[in-house]
Amino acid sequence: MANASQKKRLMEAIETITRNVEARGEPLFHGGEQPLPQKREVIAIVRGLQEVIYPGYFGDQALYREYLHAHLADQLYALSKKLEAEIRKAVNAVCRRPGGEVVGPVAQDPAEVVVRFFARLPEVMELIAGDVVAAYEGDPAATCLEEVVLAYPGVKAVFTYRLAHLLHELGVPLIPRIMTEFAHNETGIDIHPGAKIGREFFIDHGTGVVIGETAVIGDRVKLYQGVTLGALSFPRDERGKLMRGTKRHPTLEDDVVVYAGATILGGDTVVGRGSVIGGNVWLTTSVPPYSKVTLSRDQLAYEITPR
Amino acid sequence: MANASQKKRLMEAIETITRNVEARGEPLFHGGEQPLPQKREVIAIVRGLQEVIYPGYFGDQALYREYLHAHLADQLYALSKKLEAEIRKAVNAVCRRPGGEVVGPVAQDPAEVVVRFFARLPEVMELIAGDVVAAYEGDPAATCLEEVVLAYPGVKAVFTYRLAHLLHELGVPLIPRIMTEFAHNETGIDIHPGAKIGREFFIDHGTGVVIGETAVIGDRVKLYQGVTLGALSFPRDERGKLMRGTKRHPTLEDDVVVYAGATILGGDTVVGRGSVIGGNVWLTTSVPPYSKVTLSRDQLAYEITPR
Amino acid sequence: MANASQKKRLMEAIETITRNVEARGEPLFHGGEQPLPQKREVIAIVRGLQEVIYPGYFGDQALYREYLHAHLADQLYALSKKLEAEIRKAVNAVCRRPGGEVVGPVAQDPAEVVVRFFARLPEVMELIAGDVVAAYEGDPAATCLEEVVLAYPGVKAVFTYRLAHLLHELGVPLIPRIMTEFAHNETGIDIHPGAKIGREFFIDHGTGVVIGETAVIGDRVKLYQGVTLGALSFPRDERGKLMRGTKRHPTLEDDVVVYAGATILGGDTVVGRGSVIGGNVWLTTSVPPYSKVTLSRDQLAYEITPR
Amino acid sequence: MANASQKKRLMEAIETITRNVEARGEPLFHGGEQPLPQKREVIAIVRGLQEVIYPGYFGDQALYREYLHAHLADQLYALSKKLEAEIRKAVNAVCRRPGGEVVGPVAQDPAEVVVRFFARLPEVMELIAGDVVAAYEGDPAATCLEEVVLAYPGVKAVFTYRLAHLLHELGVPLIPRIMTEFAHNETGIDIHPGAKIGREFFIDHGTGVVIGETAVIGDRVKLYQGVTLGALSFPRDERGKLMRGTKRHPTLEDDVVVYAGATILGGDTVVGRGSVIGGNVWLTTSVPPYSKVTLSRDQLAYEITPR
Amino acid sequence: MANASQKKRLMEAIETITRNVEARGEPLFHGGEQPLPQKREVIAIVRGLQEVIYPGYFGDQALYREYLHAHLADQLYALSKKLEAEIRKAVNAVCRRPGGEVVGPVAQDPAEVVVRFFARLPEVMELIAGDVVAAYEGDPAATCLEEVVLAYPGVKAVFTYRLAHLLHELGVPLIPRIMTEFAHNETGIDIHPGAKIGREFFIDHGTGVVIGETAVIGDRVKLYQGVTLGALSFPRDERGKLMRGTKRHPTLEDDVVVYAGATILGGDTVVGRGSVIGGNVWLTTSVPPYSKVTLSRDQLAYEITPR
Amino acid sequence: MANASQKKRLMEAIETITRNVEARGEPLFHGGEQPLPQKREVIAIVRGLQEVIYPGYFGDQALYREYLHAHLADQLYALSKKLEAEIRKAVNAVCRRPGGEVVGPVAQDPAEVVVRFFARLPEVMELIAGDVVAAYEGDPAATCLEEVVLAYPGVKAVFTYRLAHLLHELGVPLIPRIMTEFAHNETGIDIHPGAKIGREFFIDHGTGVVIGETAVIGDRVKLYQGVTLGALSFPRDERGKLMRGTKRHPTLEDDVVVYAGATILGGDTVVGRGSVIGGNVWLTTSVPPYSKVTLSRDQLAYEITPR
């Protein structure tokens, strides 16, 4: 138990902390009448969509085909309400930048965004179905599609990215990043919701993969763990501030494979279609279609010495 | 609130989504009378075994030695029931492959599998005890065994792998991968349950480690973060399909150490006993026992320039 | 359902397991009258401090500025009680080493530690505020401070490290490592609570970053994913045991940037202020201030061949 | 903390208790491979049916009329599965009587019982709708139907009785009593599921109401708190055992009103239609239709004295 | 498992149920864009106010007097938000009566109601403090005030009534009845929120007590279990409908005691101050001050016969 | 949303409330370093003992007889720890009376009390087993012992009383009353933990039963709903205060039956063995053994008039 002097000092410390917070504004205090989107709710929405899009996989109850219709419709309706509530928070949020500039609120009707999101969900579901097959086809250790859906982190991360990217395209702030950061947390795969990714995309193992905001990826591309599609440098404006929004990340055309640990950087870097980038390669320039880029012999020379 | 037109469009979108799902089969719909193994339940089993195998570490109640017997027996019995239920789902599951091929159900008696699992648990617990000591001995930052058990991700990942591997050997589908993917999620360490790993295995830090399905690892091996034990290439059959089941991942003999970021590839690659593989090394061929493989001087040459 | 023979064998297996555990001591059994610090409680404390330090970000209820004072004081008081309870467990713990040596209990008054922790929290909050701004300034994809706080893993990992480091400095065992391992789990960033880190520290993406126990980092340093600040070798004492406590990890002076995948090793390695270490660089020696270390041209030579 | 002697005595006490339980059979031990119906599950089913039967009242989400169809169908399907699981436990249960006699299992197909239950649910819902209107019409303090559904204990108890009675008629053991005891717990109204009750039944306030197993109640009957419809005596068989199954409780014809605290006893007692039984009346014989039974003047004579 | 015919019949039954609900309006369907007040939330508000009004009794953490201020203010602020949300639902609700008449929405500003509620809470707290002392003074079995607050059902019921009555006076629909029905459920004591009750009111044991909407109770009144303060008859209007809103329940002046099971009926019945009404008395007329009303000798005559 | 004036007034109201609480002591503020026993914990202990004492009834997992021993021992050990913690709070509590007198702490060693409680639990379990059989034998509607245990409120109330009475005898304050009030809440049966009750005690239906602190009940007694065993008057001391601790409630000898609604009052009232007290009887004097007390003919005379 604390003695009297300790109590007094604890009280003083708490008083100091609270006074400090009150005296200060950003970045540590976000006030206002309305809460920001809640991470817990956003995760619940992703999980809910997962149950709807992969029916029969995640629920603890078998689904008769006969009841699928009612079940899906009911779940989708409930999710549309949850999503609308979080989008409302996101578009109404007044966010701050150092120096006092604010961004938001965004002139979007949450109900309209939700309608558009659901209207485009069928096409996203097609993409997701293609990703699942690509994962099975791309990994000899996979035994069946069920295993891929239940246990492949790359499938989970790409699934979440596809939902987040759709919201990003619909102009929703904050929520897409919360979604992909949730997937990053779960899988170690960090895909910015702004990246553009084609059909049948597969990331195997995936820990350490980073795909930047302005990366562009074609169809049937396959990445392994530790691949970075990053920026080479950050141009700054005349005031020395980072310029935001320029294309800083590379383009991978169709049918490219990038092995583990490779790093591809730069907004002008284009990996031509059908190319293979070897493990640990560090690539900052474009390569023509159907190239095979591997570490040179010099790099494969090791000193192998008896211990 | 949504207006009438938005409601109508939302309803149409939901209708389209549900119709699409109903019209389609795999990979997005898993139907049938019985649910697949539930990730939540599988995780609960891993956590339950953790409490039993490390008694006194994770529960919020101190354990008198006098009551240990009853406590363990009770927990083990309850876990045997939970495990049997999930194994029943796994062996009964009818899983699909693209093109309509199915795998499963598996001709296994869930109760028998559980008995065999528990009969072999003592030997697995011996292995786990060895892993814990190896972690303490292998990291100068470790202060005691309790810290190792409570806070070392490598210990957690290897623990989970050892349980999953036993189920894998007993012929249980799906659950072993769900288990190791849970550990991957928590630690960034991705060990396929099919890999064979000897005694006193330690992975330090561990994020980004990948150990493939057919890797073979001897006793007293130590890996650091970002190490890949992967496949060099995937042989395909005459129809262009990946051949599954061949040895594609390397063998590490006893007493091998592999430093951070090293990549060792290929089913025929054997790292001889007592060898040390340096950080960031990219190794696709065998090396004899007691080798020390490091980047060559050429690779250690950097351009160091004033900015 | 299990048949009689299976029941009998299951009972025997359970009996064997429990007898084994009872017969054995460390490392798999931690007995005694008092539980170890509970991971669940430690995580709750980190989350509680997150809500207090970033008021208005994580709760599901908007905060009027008028009520901030009461809210913060109430939360801080409750957290002080929770923290005292876990610290009490930690300082009283008797932990073991292989061979029977024990460490602990630690001669600390939990109430006093809590008072000191809260007394120093304002300075830690200043550091955290600086980290948040550094993250915004360091990433052109960041749109506002709210996004940085809600969705940047590096911010979360550094936040948790700063709390853990303070407890580490106050001499609390076990809890700091549980805290940073929680952050490692969530973000893939592994920072030892013993490391010393200056102001405005930013880690982008972050998966795979490892910062060792005796690393020293200056102000305004920026790291990318996959960076290791590690040990070069582990000196052993005359009995062949690892020597614990020596400086084994590098020093980064102010304003250093280290790009993705770079590895910097050794307790004597000092990266001079203002230096830039390029991606995938493997550095084991000191470099003077304002150096730019990149892979040499030899290393940038690839074999680019048509497939 | 317990001292050594206390620990020893506690261990001995626990050992004694467990040995006693093991040595003994009924009534304190119910063994076997399958659990009894679970109260928690049964309550969840009642609450689930409440949400379905009163849509829009209890959920925390407004229901658009457009989505009602999908929502109800989905909920009903899920409830049918839950109900089937509990019915399976109930019909398989082997229950015991003092002396060793057993009852059960019951030869019922749980799936068939569920189908019949749902097939008859529409008629039960009609009865429930009538009960709600009767409550509104019967209480001048009621402001609207919503208040009646949300806050009238009599409505809740009768609702639960109607579901339990249907299961009772379908031959399901144990579950109907668990249901009505749940309602008794919540409302103080104890209706045996075997009682037969007509349309538009209203119990106001209701605490202390008891309606026995063989009571028969007509249409438009109204009871107040503390009314007992009970047995006058329990006939015993030649061995002195209670005879079970005979009509022991009274019959109330249509349009009867019974005021607070009245007691009506006996299987042959018939309260003729349209009769009014006054408060605190003790009635053990039949009364003709349209009777008004009140306490006699003698009983209304009090001694009113100055204190 | 259900066979095909059973599945088909189940589907038909579910279809019938959903169609019936859709076809029908009141009383079983409450539609609209906004949910009704949620019982769960209302209960949480009552419990929250209980923790605030009795600080130190119900929380699992001791309260230092030093932190009481912050704790109470924080809790009260959070409760004010919860309460405002439920009041918003209640005043906006469109409720129905049989025949299609609707009541609501109510022209009340929820924020204003909350302000008024909190402004009057201090006087209600004074009343509650008086009730607690009255309970201690009124029961010789009470050992201390803590026991009275923690374990006396009458104290709980009266506490809840006092909050509900305040909301009732402020014109809030639905919520007051949900509150008192919650207390009725917990204690068996049914107090209508419209009743008017003076200071230092104590109900001992309490099960079966009913206090009607228009009852008026003075100061220092004491009731025992099973007491009814009810209506004698319900006047009907020219259309045969119950007339709502007239005074139908009795008045008890100051210092009245009513023993167990007594029934006092009628809006014109006044029990004069200081009177004692004996157990089981049935009273439908007024009695002057300081009366003692007990069953007459005739009523105390029993037949005592040997069995 | 609240406007500025409303916010200001709300703040003032909250300030007033908190200031009032701070300014005041009892009865509304219980301060100090240690919390009172927590109702939630006490209920968990009762439920835990219920699962142990009726093994196989309440858990959701079937119990093999083979594992009963370990299961019970483990549960009992855990319950002993929970119970010790609550008893520690209870014996340390400093409770207050109006006027400033305090009771407590009580000079009891919590660990010792727990040992004694468990040492006497076997005899209490014998009593409980007898109560269960008595319930079955006493109600012709009972179908088996399982139904009695699962669904008879009287059995639940008496079970809880027996545990509470044992703690009461061991001198534990507060907890016994919290236990029996929990049972009162669930069943409407209010038994003071101080009452003395013999073997094979059965209360049927039970709502409204009150058994006072100093009541004494023999073996094989049976009560119905609404029976009061109460005090006739409360003697006061010379200062006008209630005298606590005198025998105020009646004695029922062996084999007494009391029918619904009967009231028996007074500490000197003895109902001789084998007597039957009829429904609604109001009894304040002793009756000899084997009496049958029913309402006299006068009381059974009603006015039965056509309406």
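Order of writing sets the labels: A, B, C, D, E and F. Residues in every chain begin at 1.
Methods note: a residue touches a chain if its C-beta (ideal position, glycine included) is under 8 Å from a C-beta of that chain, and two chains touch if they have at least 3 such contacts.
Quick caveat, the model's predicted, so the values are computed rather than measured.
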item: Chain whose Cα centroid lies at the greatest distance from that of chain F; value: A
item: Interface residue identity across copies chain A, chain C - same or different by half; value: different
item: Most distant chain from chain B, judged by the mean position of its C-alpha atoms; value: E
item: Result of counting contacting C-beta pairs for B-C and C-E, higher pair; value: B-C
item: Distance from chain E to chain D - Cα centre to Cα centre, in angstrom; value: 23
item: Gap in Å, rounded to a whole number, between the CA centres of chain F and chain A; value: 57
item: Junction residues of chain B, two or more chains touched; value: 1, 33, 61, 64, 67, 69, 73, 77, 188, 207-208, 226, 261, 280, 295, 298-299
item: Chain B partner contacts - residues on chain F that touch it in the complex; value: 61, 64, 67, 69-71, 73-75, 77-78, 81
item: Chain F partner contacts - residues on chain E that touch it in the complex; value: 52-65, 68-69, 72-73, 76-77, 80, 84, 111-112, 114-115, 118-119, 121-122, 125, 128-129, 132-133, 136-153, 186-188, 205, 207-208, 224-226, 260-261, 279-280, 295, 298-307
item: Residue ranges of chain B in contact with chain A within the complex; value: 1-3, 6, 9-10, 12-18, 20-22, 24, 26-41, 93, 95-98, 102-104, 173-174, 177-178, 180-181, 184-185, 188, 190, 192, 194, 207-210, 212-213, 226, 228, 230-231, 234, 241-246, 248, 261, 263, 265, 274-276, 280-283, 287, 290-299
